[in-house]
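Submitted below is the structure of interest, expressed as structure tokens.
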Amino acid sequence: MDIGFIGLGGMGSAMALNALKAGHSVRVWNRSPGAAKALADEGATVVDSPDEAFAGDAVFSMLADDAALRAVFIDSGLLKRAPKGLVHANMATISVPLCEELAGLHAHHGVAYVAAPVLGRTDVAVAGKLNIVAAGADDAIDRLQPVFDVIGQKTWRVGATPQHANVFKLAANFMLASAIETTSEAASLMTGYGIDPHAFLDVISNTLFPGPVYQGYGRMIADNRYEPALFKARLGLKDVSLALAAGDAVNVALPVGSLVRDNLIEVLAHGDGDKDFAALGKVAARRAGRKV
Amino acid sequence: MDIGFIGLGGMGSAMALNALKAGHSVRVWNRSPGAAKALADEGATVVDSPDEAFAGDAVFSMLADDAALRAVFIDSGLLKRAPKGLVHANMATISVPLCEELAGLHAHHGVAYVAAPVLGRTDVAVAGKLNIVAAGADDAIDRLQPVFDVIGQKTWRVGATPQHANVFKLAANFMLASAIETTSEAASLMTGYGIDPHAFLDVISNTLFPGPVYQGYGRMIADNRYEPALFKARLGLKDVSLALAAGDAVNVALPVGSLVRDNLIEVLAHGDGDKDFAALGKVAARRAGRKV
Amino acid sequence: MDIGFIGLGGMGSAMALNALKAGHSVRVWNRSPGAAKALADEGATVVDSPDEAFAGDAVFSMLADDAALRAVFIDSGLLKRAPKGLVHANMATISVPLCEELAGLHAHHGVAYVAAPVLGRTDVAVAGKLNIVAAGADDAIDRLQPVFDVIGQKTWRVGATPQHANVFKLAANFMLASAIETTSEAASLMTGYGIDPHAFLDVISNTLFPGPVYQGYGRMIADNRYEPALFKARLGLKDVSLALAAGDAVNVALPVGSLVRDNLIEVLAHGDGDKDFAALGKVAARRAGRKV
Amino acid sequence: MDIGFIGLGGMGSAMALNALKAGHSVRVWNRSPGAAKALADEGATVVDSPDEAFAGDAVFSMLADDAALRAVFIDSGLLKRAPKGLVHANMATISVPLCEELAGLHAHHGVAYVAAPVLGRTDVAVAGKLNIVAAGADDAIDRLQPVFDVIGQKTWRVGATPQHANVFKLAANFMLASAIETTSEAASLMTGYGIDPHAFLDVISNTLFPGPVYQGYGRMIADNRYEPALFKARLGLKDVSLALAAGDAVNVALPVGSLVRDNLIEVLAHGDGDKDFAALGKVAARRAGRKV
């Protein structure tokens, strides 16, 4: 396929690279040019404007946040100039209202819009093992599927309403935040009794709570080591705040989310916003009176 | 081995039965005689007093709560009359202070004490697939191991201090409570957006959160069906309260635990204490204004 | 003085009327004309545009929320056309970032800006007994003082940085929300023991907690009667959310605020957003299993 | 009147002294003799056992906690030996279940029991300005009233069921804890904006929140000075925990209470349990990343 790729951070670059390796023809654009150059070495065509990337059989974007998306796709007027019939897979984690707004604007300008946020961090993206949560018209997703198949291990189709995929993603990250917080509190309890938290996490992650979350984040908490960050605490706070806002819009409170949000604010207050999401473990330890 | 078994609720009966089936000679005692009779049909010797069960190569107990343990082992004077050198595996989920007290009394009376709470509900006990978290003297656990091997799929030895096993168990149930609460909130968010929570839980439990907890409790929440109870909400509240008390004793707060405790009180206030632990899902739904 | 008044809801009308009664010449403008007519009967000059009101010796505004302020003062271009040297007292409860933005724009266009939110509801405004929290240049506040003196019982000058007055106001409403929530929980505890909450509130409000808040809101909670609303729950939620956002901006969590926010969302989820702020009492009662 | 006084801590001594000064004949007993001697200098008769104090027209007790009360009144057998028809005013803050138990035992042994916890700290007790919350038989309270009148500024009669007075007291201290926590969070928000919290508290305590609580505790928080302790944080935690337990018994959650409890545990974890209750202010400041 002839595809465009907009947004080449760690996640975007990894996805674009996997598309290249699978033989797709990829035009890439990024605000700052460094990342694009690295992909050029792998065969990507670097273009000078998002408009040039927003063409071909399909376009994929992975921008940082609502503001970046608004700048590139709305304020720039790009959508007005876009070729009719194109399909755009927006893989970023964004707010529900922006997703609704983008879906409406794409429809207005004759571009198919698929919300396709992903589960997995950079290492998973590099391995091409992401889980893609996709929502939009089925035929639009069909057209994206060959690329999704090399980017991810599985595409979860969750209906025709794009923002539903964003609700899935925000809820998933909310659950992730809760698991990290809970593990932090449990680890702190262990330390309070003079028990090595590694021993506890070994039992837990091999019995009730298998899988990557409790094991991976649990190890960082037990090791009390939060660098290098695989997913920064400040991005975790952003996502939890978006989940709370998503709930607010439909009168659903997420009390555990509120609690974690407050603790993530404490993480930032102590200068740890660029440490890993697991730095919630420092909050639990600090509150229990331990040196962190 | 020649063993005694004290306390024949659903969990205790299943464990005693597996010991019988493996060829061990089992004397059983229960406060109410019904459960003992069922085991007699399988070859158990029913005895009339806990003293008669507290003998042989080893004794296992699985009583309901602190009060029952206090009545049978302390107030009755049983330990004073116990044969020296016996080993006792207390498999119940009890408070940390009672565990300490029992460990001390056993030592005083020359009986080896192993705290061996289990992870898993009745269905797991029936299948002989429990995870046993054991703490106490290694040689005492060695003597229990042949029976542990037929009761459980694995014995996790977590040190020589008996109450540490209880801290493990309480922390595990606290984490379980948090996972149920979080899943309830996420499911409520889905419903708020008109999304079937089953679809969300399908994604989650096949990606970030595999394992029995999110899948099993998640299904009850998505089905909005909390009977029959596999683990009653009031017992969940008991265990979360014990975890909070365990934290309190070492100046470690468990804020997620406090939040879940308050929601479990709401479960009881609405007459759902005998429904499943997953009835936290009703609280989330009710708070979001839905009929429950 | 020759003053303009923009925004004639219950609060604004009451303030404008008190200014009229004190002999000031008042030009009034409101988006919907009804309220202005009532003031015309009392001697106000009704004008057709906010520009006409934004003139004279000083102008006072009391608009509903950030969106209304943005529409009237920023998007309309009004500030660009405003007479240099005018002083504007913005008495509305708004977000901290908007206050900063407005302060900057006013300075840019040569208009003095004073943030002057008020403590007190409509009944207090009618009585001219508001407490005015004013921040801005001292000489600007001096010019407003003759009108402040007939609108309020006291002007609290809290410095030269306008947004500080907004932080005061948001923090005050956060504290109000906390007091209502706490009183709701205490009243629910009383009911749980078969104690009339009125008796408890009588003791409390005559000993530890005198003043209008515990007495006034306490009575609504004890009466379980939340209409007519003196301050609507949805406005309370708006203000608590603004307080949380204000904290977020400086990495200060307000955990009690988060908790109250979640309960206010429950108020809205149950269709009670237009009932009084005290409807938090219904949440506490509902959660305790009582008919509400 | 001829009265006995049991328990001579700061509160008890002050009350006994006021009774003495009003001309009552007072026999005093305390576990450690020092406090009794000081009262002897003022005319009290020091007795060697609680039995000797538990006699005369009426007896008042002010012991530290449930354990002390259980030791003196129940385990000692004192009630069995008490003169029939005596009236006992228990002025301590105790748990609801112990109050019920004591009321039952007193009735069984023919002693009238009045629960009469007080609002006010030592300075208020010294001034004879306590608010006494009394529950029990009216004629029993009538007999105590002459002493209550010199100990307190007002007696609030709240019914015939003794434990109701304890529920009042625990709810009052819960509300106090909430007010301190809320003030701490608001003060932290001020500091985050570079605003002197004293200025904010000056406005608040002279407008919405008059009275001793916000003013007195607020000053300690704004001063960031928590010694000398007028009411120790660890006692505050004890009372909040009793309030939560009181709610638990009737299925009423106190979510703000749970939150404050967790923060008070943080106070203790940092070695500040003997500082003033207002040390919750340190928690809010620490969590916001400030040196405390």
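A, B, C and D are the chain letters, set down in written order, and residue numbers restart from 1 in every chain.
The rule is short, and it goes like this: contacts are C-beta pairs under 8 Å (C-beta built on N, C-alpha and C of every residue); 3 or more make two chains touch, one makes a residue touch a chain.
Protein identities per chain, from UniProt: A, B, C, D = Oxidoreductase.
Only a predicted model underlies this, so the values are computations on that prediction, with no experimental measurement involved.
Chemist: Looking only at C-beta pairs in contact, point me to the busier pair out of A-B and A-D.
Modeler: A-B
Chemist: Starting from the Cα centroid of chain D, hunt down the chain whose centroid lies farthest away.
Modeler: A
Chemist: When the centre of a chain is set as the mean of its C-alpha atoms, what distance in Å lies between chain A and chain B?
Modeler: 37
Chemist: How far is the middle of chain A from the middle of chain D, if each middle is the mean of its Cα atoms, in Å?
Modeler: 53
Chemist: Can you list every residue of chain B that touches 2 or more other chains, as numbers and ranges?
Modeler: Residues 247, 251-255, 259, 263, 266, 269, 287-289 of chain B each touch two or more of the other chains.
Chemist: Can you name the residues of chain B that touch chain A in the complex?
Modeler: 119, 131, 133, 156, 158-159, 163-164, 167-168, 171-172, 174-176, 178-179, 181-183, 185-186, 188-193, 195, 199-200, 202-204, 207-213, 243, 246-247, 250-257, 259, 263, 287-289
Chemist: Along chain B, where are the residues that touch chain D in the complex?
Modeler: Those in contact with chain D are residues 241, 247-248, 251-255, 258-259, 261-263, 265-266, 268-269.
Chemist: Which residues of chain C touch chain B in the complex?
Modeler: 266, 269-271, 286-289
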